[in-house]
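Step one of this worksheet: look at the structure below.
To keep things simple, chains are lettered A, B, C and D as they appear, and every chain counts its residues starting from 1.
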């Protein structure tokens, strides 16, 4: 039985610079390096993995290649969410057959206004009923253009094959409601780097964090401090990686993450079209941010009494 | 050489009520009925066709079945837009091989904030360079969560293999700029039923209209009046179908269109999960609206001088 | 009894460049020039008049000064909408006492989520019950962050002291519903220059148009063509002023309108802080657009058959 | 010299149920009760005080009445933000004359798209230059429809007469950047009850919290636990008031806060039109939530390891 605690890496998908074909050996080289750097698990075909840009056969190829290099004591998660329940279920079976430990299911969202709580509930229940491995809900309003309500998450958390959720929104008031309203073994994972320390303070189980791909030690510092109930230490560690998370993942997106991997000697390279490689100025920013990760000192700021006003 | 003038039907995809499998003979029966009712062309795998919910093999099956029943003098359009340039190009080739006359390419939109004008321009140019048949741009902010700018459309209209566009937004101030800024043989088609008469008054080439699937005569009245420069007649005809377009397509969506087809004796049936069939109250509303289509008399309203205010 | 038909000018409020005080004689000089140029009425304290930036005493001063120079056969409208019913009613009485022919009431909008249809209905009814002069509803989602529903407008149009509405959204599908659902003497005025011809084609009574302040002849051409049922002529005239309306009013806003007035020899000058005067590059754009107004030839574009696609 | 540390109450403005006139003695009775309950300061004419619905003379009346009952060792803050710099400065002088210790300045927002960082910076600097008392910036995207950027806050924090800010957005990732980027005596106050514990964990100086008007002891529990670095205690106390903050303030708004005051024997009463008193069902919900405040036990939830997934 594997736990979802800890830090998981939503790995990128490396492409050939000319043909844009998937390059599997660069993909597995990255995974080996991430595991060596201490990550607890790997997510294949997430948003950072450009899943939306992949053919079905490529998804299967990547999952099988990943499982082959991930030892049994580390977790393999597979992003499988599609617009139809049927495609999502078919992918869940493919993922189970390829050895995934759990599947991550983003809300269908193309027909945005039809995605009522009832439609979403039925979808997730159907998928969970049919999936051979546990299901994780995935809340990412940035791309889905709506959020999962805490009430719906609470209801779905009672399903025996829904093991948890990933929240990439980073709204801590809502995250707190996700955390508090669930049964004890429902895993809430954050996908939002800039609020990692805050999320851990609210009791999340762990994170699936793109920043952890190029800043694993710094991410681990945040997590370890939180686990020993050192809130100040977690906040200080968070401050050291804050800009590298917010700007590279939040502003520059997948091409930024790939550039950051290049910067630390891993396999980033180009994104697949229509995503575009960073221009020189953005790349220089990534260089500076990644180099800054090793230099930054802990924040050391006492709470002030505030300005005297009279 | 086929023109895109006239009214095209974005056909639905019928599914088995139990298995949700595609039912091809119901699909082709609908197409025959739409052509008999006078539609000038057929769009397969559009938003109304639940394209986002289909497997790749189903898309091909539907295109081939459609071409088999559409005579050479009627247009077959194929919705092919995907998130990656590579998938979109592969589908364009599939569509060309299946006999499509042109392909409709919705903007990639999952990575919303990365879809800059430059990224979109490169994407559409790559697709148009590689597509064996002409490309139509597709603007649908309701689902893509952003609009194509008139400046980008103008630039892309110079590409020899970009034959036109479909606009489903229905913002006539922007539509006017799409229409005015293009080369003369660039076809602008509206996908917005409630503004069909207004769009024709601005000079659009025709429409790809879900309302025309269940109200073909009423849609034709609008078009014919506009073609003989009878603006008042076009507006009156528009008024007769206004509610049936706005409420069934705009509010009830694909399940509403399928219910309206059931109502006129064609093959609607259930949508694919997570879309849900209408409840009884919404279905009764569709019944009333469809029956009202044959009864409604032309609007007869003179321009008033406005209220006297003093 | 005065009608609201025709074109009304939402006049600017000139300020001293140093003190930002209202300069009344520049204000009245503008009004005389607008009336000489053929405008049918004047709106004081609209959004273009920077009403939100004025003290109550300044509103009264401007209304009285306006009435003194507007002959009895031209209409004086007063913008009075406030956040509370009580302030709006007090301003309606002030405006009536100052000689306004009707008052324009923007929806309260600060407490956005509380502005339910029921709350808005009660507000407008209270104001209309107490106002000594007829009330015009004002729909401007750009600033209010929500739109008035056609259903609410229809209901309110039955009130004996609600004489009409101004719509600045320019969504013609909704505008058509405003126009069609009202009693015959309910005046619908558009405040959206880029869709003026389209709005007239739908049957609106007239316009309250910032573009008419610096392009009165071009605005009149659109209106006159529409009145003689010359839709093509209206569209051609619209095309001649399209950029000057869209860019100066829509993109550059009040500072743009003031710069355009400077350009034609009227009194524009600076806006009040925090609005900022245009920078040199934007000002040059205004110069070019205003000069272009007199040179532009009618659009001459036939409807094409669209691109041949096969 | 007074500090802004602690918990401040954004008091409501009681109105006569028939005339909607301000009732000053109910207003001062509330203030006395809030101070007796331990609040450190009072904000007059905030959003909860229905400031947008008040006449200028009423704002002055309320400030003077408040100062008369607030002892010199407690803070009096005045909401003064207007759409123009000139009105805001005039109100700052009025507030200083009435004895306010500092003024709270919401961003101008009517001309939303013109409120660039440069326009906002100039506005706040002009107001701070002229204000006789220190200025607090006010970030409330729910009503202003945009947020103050951390970069702008950092720049403005260097002004000698800008003493701090209030943030009601409750986005902790941005709040953290407000807190970290300022000079040490810049006071960041949260206005967001549901994230009070989280905000204190990030180092804010205190709160201006509507929930503290009807749940002062529970709010104090959160604050006191945070001050003694007991993060778990703060979170437990937060959980006890979470629903009462989120539903009454966040969903029901000012009418909800007034109903909650009625519930604890203070002076709530009706809001001013167009705000509407709660209906019976919402009022019953407030009753239940307020009664629940005294009963709720601390949350007692350990961090789980998450669901085992394989």
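Basically, a residue touches a chain if its C-beta (ideal position, glycine included) is under 8 Å from a C-beta of that chain, and two chains touch if they have at least 3 such contacts.
Predicted model only: the values in this text are computed from it and were never measured.
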Original post:
Between chain B and chain C, which partner chains are common?
Top reply: none
Subject >> Reference chain A; chain at largest CA-centroid distance >> reply: C
**OP:** Check the residue numbers that chain A and chain D use where they touch, and answer same if over half are used by both copies, otherwise different.
**Re:** same
Subject >> Inter-centroid spacing, chain D versus chain A (mean Cα positions, whole Å) >> reply: 35
Subject >> Centroid distance [mean C-alpha coordinates] between chain C and chain A, Å >> reply: 49
Original post:
Do you know which chain A residues sit against two or more other chains?
Top reply: none
Original post:
If you go through all the chains, which pairs of them touch?
Top reply: A-B, A-D, B-C, C-D
Original post:
Can you list the chain D residues touching chain C in their complex?
Top reply: 20, 47, 50, 52-56, 83-87, 90, 108, 110-116, 118-120, 122-123, 126, 142-143, 145, 253-255, 272-276
Original post:
Which positions of chain D touch chain A when the two form their complex?
Top reply: 1-5, 75, 101-102, 133-134, 163-164, 170-173, 176-177, 180, 184-189, 192, 194-195, 198, 201-203, 205-206, 229, 231-232, 235, 239, 242, 246, 299, 301-310
